[in-house]
Amino acid sequence: MVCGNMAGLELLSDQGYRLDGRKASELRKVQARMGVFAQADGSAYLEQGNTKALAVVYGPHEIRGSRSWIRHDRAVINCQYSMATFSTAERKRRPHGDRKSTEMSLHLKQTFEAAVMTQLYPRSQIDIYVKILQSDGGNYSVCVNAATLAVIDAGIPMRDYVCACSVGFVDETPLADLCYAEESGGVSSLALALLPRGGQIALLQMDARLHQDHLDALIEAAMTACKGVGKVLDEVVRLHLKEVSVLTGE
Amino acid sequence: MKDTPLSNCERDFLLKAIEEKKRLDGRQTYDYRKMKITFGTDYGCCFVDLGKTRVMAQVSCELVTPKENRPNEGIMFFNIELSPMASPAFEQGRQSELSVKLNRQLERCLRNSKCIDTESLCVVSGEKVWQIRVDVHMLNHDGNLMDAASIAAITALCHFRRPDVGIQGDEVTVYSPEERDPIPLSIYHMPISVSFSFFQQGTYLLVDPCEREERVMDGLLMIAMNKHREICSIQSSGGIMLLKEQVMRCSKIASVKVSEITELLSKALENDKKARKEGGRCGFAESMPQERITALKMDETSVEMTDVTERAKDIVQKTEAPPQLVRSPVVPVPGVGQVGQGLQNTWGLEEEDEEETEECDNSDEEQEEKVTKMEEEEHEKEASREGDVVEISDSEEEDVVILHPETPDKTPKNTESRSHQKGAAASKKRQKK
Amino acid sequence: MAADMRLPTIQKPVSLSVSAFDRKDLVVPGDVITSDTGFMRGHGTYVDDDKLTASVAGEVQRVDKLICVRPLKTRFNGEVGDVVVGRVTEVQQKRWKVETNSRLDSILLLSSVNLPGGELRRRSAEDELTMREYLQEGDLISAEVQSVFSDGALSMHTRSLKYGKLGQGVLVQLSPSLIKRQKTHFHNLPCGASIILGNNGFVWLYPTPEQQEEEAGGFYTNLEPVGLSDREVISRLRNCLLALAAHKVLLYDTSVLYCYESSVHHQVKDILKPEVMEEIVMLTQQKLLEQEG
């Protein structure tokens, strides 16, 4: 059921243009800033097109509250994903605590447990909080990208950046970085979190029907898109590094 | 109640076995456990047994008002219940992480793939639609709940019959099963999920992990496909890093498995349909196997026998030839290894001790027990020469005078730590009694 | 009551000189530092396929054969001899847990504190039961790091009269990387207040005590009201500290003093305005350069 028509909207026109005028493999504009909060250990704000997310990292610090989570050999990563009530077209009743948010939080936790070198911090806890301020598709990817920047800002060692992107499959063409209209159009979408240098997949999630033969092409397109995002994040981090080192006069 | 943690020995054992491509129950790496699908008396009730994992799914329907943004589509609702009946680790009431994970995966697998034609569930557009509710209950948790749940859910949906509805003008009549035969749901395809578990940072992979294997796994990859080789959902969980090739390989394996399972599923549905038509007995009570207490019969477990002969040969080769049977009346002190008969003790240090112990032990021995002692000594010498057979004695009775040296390994406690040495040394230590 | 509101403005990008772009020693996670296997790896790096790779974003520091990467911002990593200011979070058996902005709470053992009155004796069971009378949850203390446990937690001691429970004053929480390491971290500033620059980023400002309490042993807190002039000095110092921290200037007694002097003709509450902050910090940096050069 791979259709390009949804209520008259063509997700991919004959000339190869999408709803917002992008080409099939073009990403949305990514803008990011690190160190937006002074009191958190690490923070970042990221915009990918119209989707805006804010990520804050606290830690590593002593485990507060329940002692049962203490792991003697590594740090525990605690993630919370929430959407602002004003982030979607209709006001969100439950910003967090519902199944979708819990699932997203679990996915974020899983992604960062793979990338952050937690063995260096036994018996401590790292908190990652992400909030979506405006939702226009690709929520998970934007969260992961924002959280990566926040973790780097906090000085927590990571193997590599974690870049994420969503791709969809329409008319035998993979579309990179889906927006909300494309996502809800019943398009098979795949969200991928990748560590660009090693090409390792930290999280792979796909919904809706896709024939097995197209899987390879789709994953390839996703990896290329993630690497593109990775380049942008890299630039942001390097610029921030230079700015701060100039200020500290080192 | 909290789950008992897995001991390190068990964990190491499982991981090592997986490295040698062996599984606890003798399966191959890509084998599923024995699957059994049975149905209850009502339409829409289905039990799935995957090895010892047991899952029940029940489908029910209700007329409700549709959602505002989808006025002519029916509603599908999925719910997985993890009750403490399945495993003491599950807590009643609290929505644990696993429960959220399974629920979301089942939702994505069945709802987002649009396996059911929701528009056919519409009765009166904007006013009345059918709400189909699938409740899956875990009855026993022995690993791989996701696969069992997905199979149970889709089978129950295929099995379910909803009441027929008649519309005359503005009136809507719902016919009971006696008035008109209930109609099955229109199902486009049957998505089935296959779980792959990864071990040792993704080096080894297993299909259909049992509960023990799930405990030691690094992560899980769930691929839901249908028999037309369309992937309905992929989800990786656990903190593993995958490579694209691994994902592609898993998808190929999944397509094979899914076609097998779909066949089994269709056959089960067929059988049930036939049974109902013939008026035969069907239902849950009938499908329970007759496990009488008097018949202590279990299925044969397959035992890995492929390299038994080689290993046996190795062990036999390693052992040295048994020493010659000593026919002399002088019985050596129990515990003395016959490395060479009558040779001087070259260890030097313990000469005085040795002579003392020899004397005190010799005084205790009786002549009649010579022969039995000999045999036991030989056994024990054999064992000591192995080097890898460790005799650990916890006995504190070193001061007890030994009359019957059947248990010659009453070594003092301090030799336990040194019992890993080769045969000669081990036997030498026993001289120190 | 006057309120100050302003719309957000685009921040001026920090002017980067050309040389800043060529700096090769700034790395990001995943960057390969060297493929030479002759180097030892220090903090902030990991080995991947015989290649030494950075795991944090920061500056590469090389000491002989040791390569490590120092991140820009990190939690406090204590070393023996550091002066820290911390808050007591828990009272446990024979020790207190103190929160010091590091990755695990620091520990203050009962045997490492001076008993009130300055007695030197073995701690009895009674001492253990009356621990709460000395330090409770929420108390602020200054201490020195005695040793580091194997898991990274710090063990502290207050075995000197200058350490102990802190009384009235203002706590400013900053990043540990902004505090310069010096011989002494306790300063009596000539402007009329005293400052403790904890290595963990916590800075304590308090009015200079008139006489030194010799026998207090650090547990007696002076709760007499502090005069208005002292309070003003302390508030001004606090705002100056925040201004310096916002511009990532290294903090030590001289820089704080210069900043205080540069801010004299502004009102205390104006110091937090962005343009005033910039002005003050620029003046401070100028003065510091003059002093060095």
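Which chain is which? They are A, B and C, in the order written, and residues in each are numbered from 1.
Methods note: a contact is a pair of C-beta atoms (placed from the backbone, for glycine too) under 8 Å apart; a residue touches a chain by one contact, two chains touch by 3 or more.
In UniProt terms the chains read A = Exosome complex component RRP41; B = Exosome complex component RRP45; C = Exosome complex component RRP4.
None of the values given here were measured: they were computed from a predicted structure.
Novice: Closest chain to the protein's overall Cα mean, using per-chain Cα means, please.
Specialist: Chain closest to the assembly's C-alpha mean: A.
Novice: Please flag the chain sitting at the greatest distance from chain B, going by CA centroids.
Specialist: Most remote chain from chain B, centroid-wise, comes out as C.
Novice: For chain A and chain B, let me know how many angstrom lie between their CA-based centres, rounded off.
Specialist: 35
Novice: Between chain B and chain C, what is the gap in Å from one C-alpha centre to the other?
Specialist: 54
Novice: With centres defined as the mean C-alpha position, give me the chain A-chain C separation in Å.
Specialist: 34
Novice: By residue number and range, which residues of chain A touch two or more other chains?
Specialist: 195
Novice: What part of chain A is in contact with chain B in the complex they form?
Specialist: Residue positions touching the partner: 1, 99-100, 102-103, 106-107, 110, 113-114, 186, 190, 195, 198-213, 215-216, 219-220, 223.
Novice: Which stretch or stretches of chain B touch chain A in the complex?
Specialist: That would be residues 95, 97, 100-101, 103-104, 108, 112-114, 189, 219, 221, 225-226, 228-244, 247-248, 251-252, 255 of chain B.
Novice: Where on chain A does chain C make contact in their complex?
Specialist: These residues of chain A touch chain C: 35, 38-39, 41-42, 59-62, 117, 121-124, 152-161, 195-197, 234, 237-238, 240-250.
Novice: Show which residues of chain C lie in contact with chain A when the two form their complex.
Specialist: 13-17, 20-21, 23, 26, 28-30, 44, 46, 48, 53, 55-59, 71-75, 89, 97, 99, 103-105, 151-152, 173, 177, 245-250
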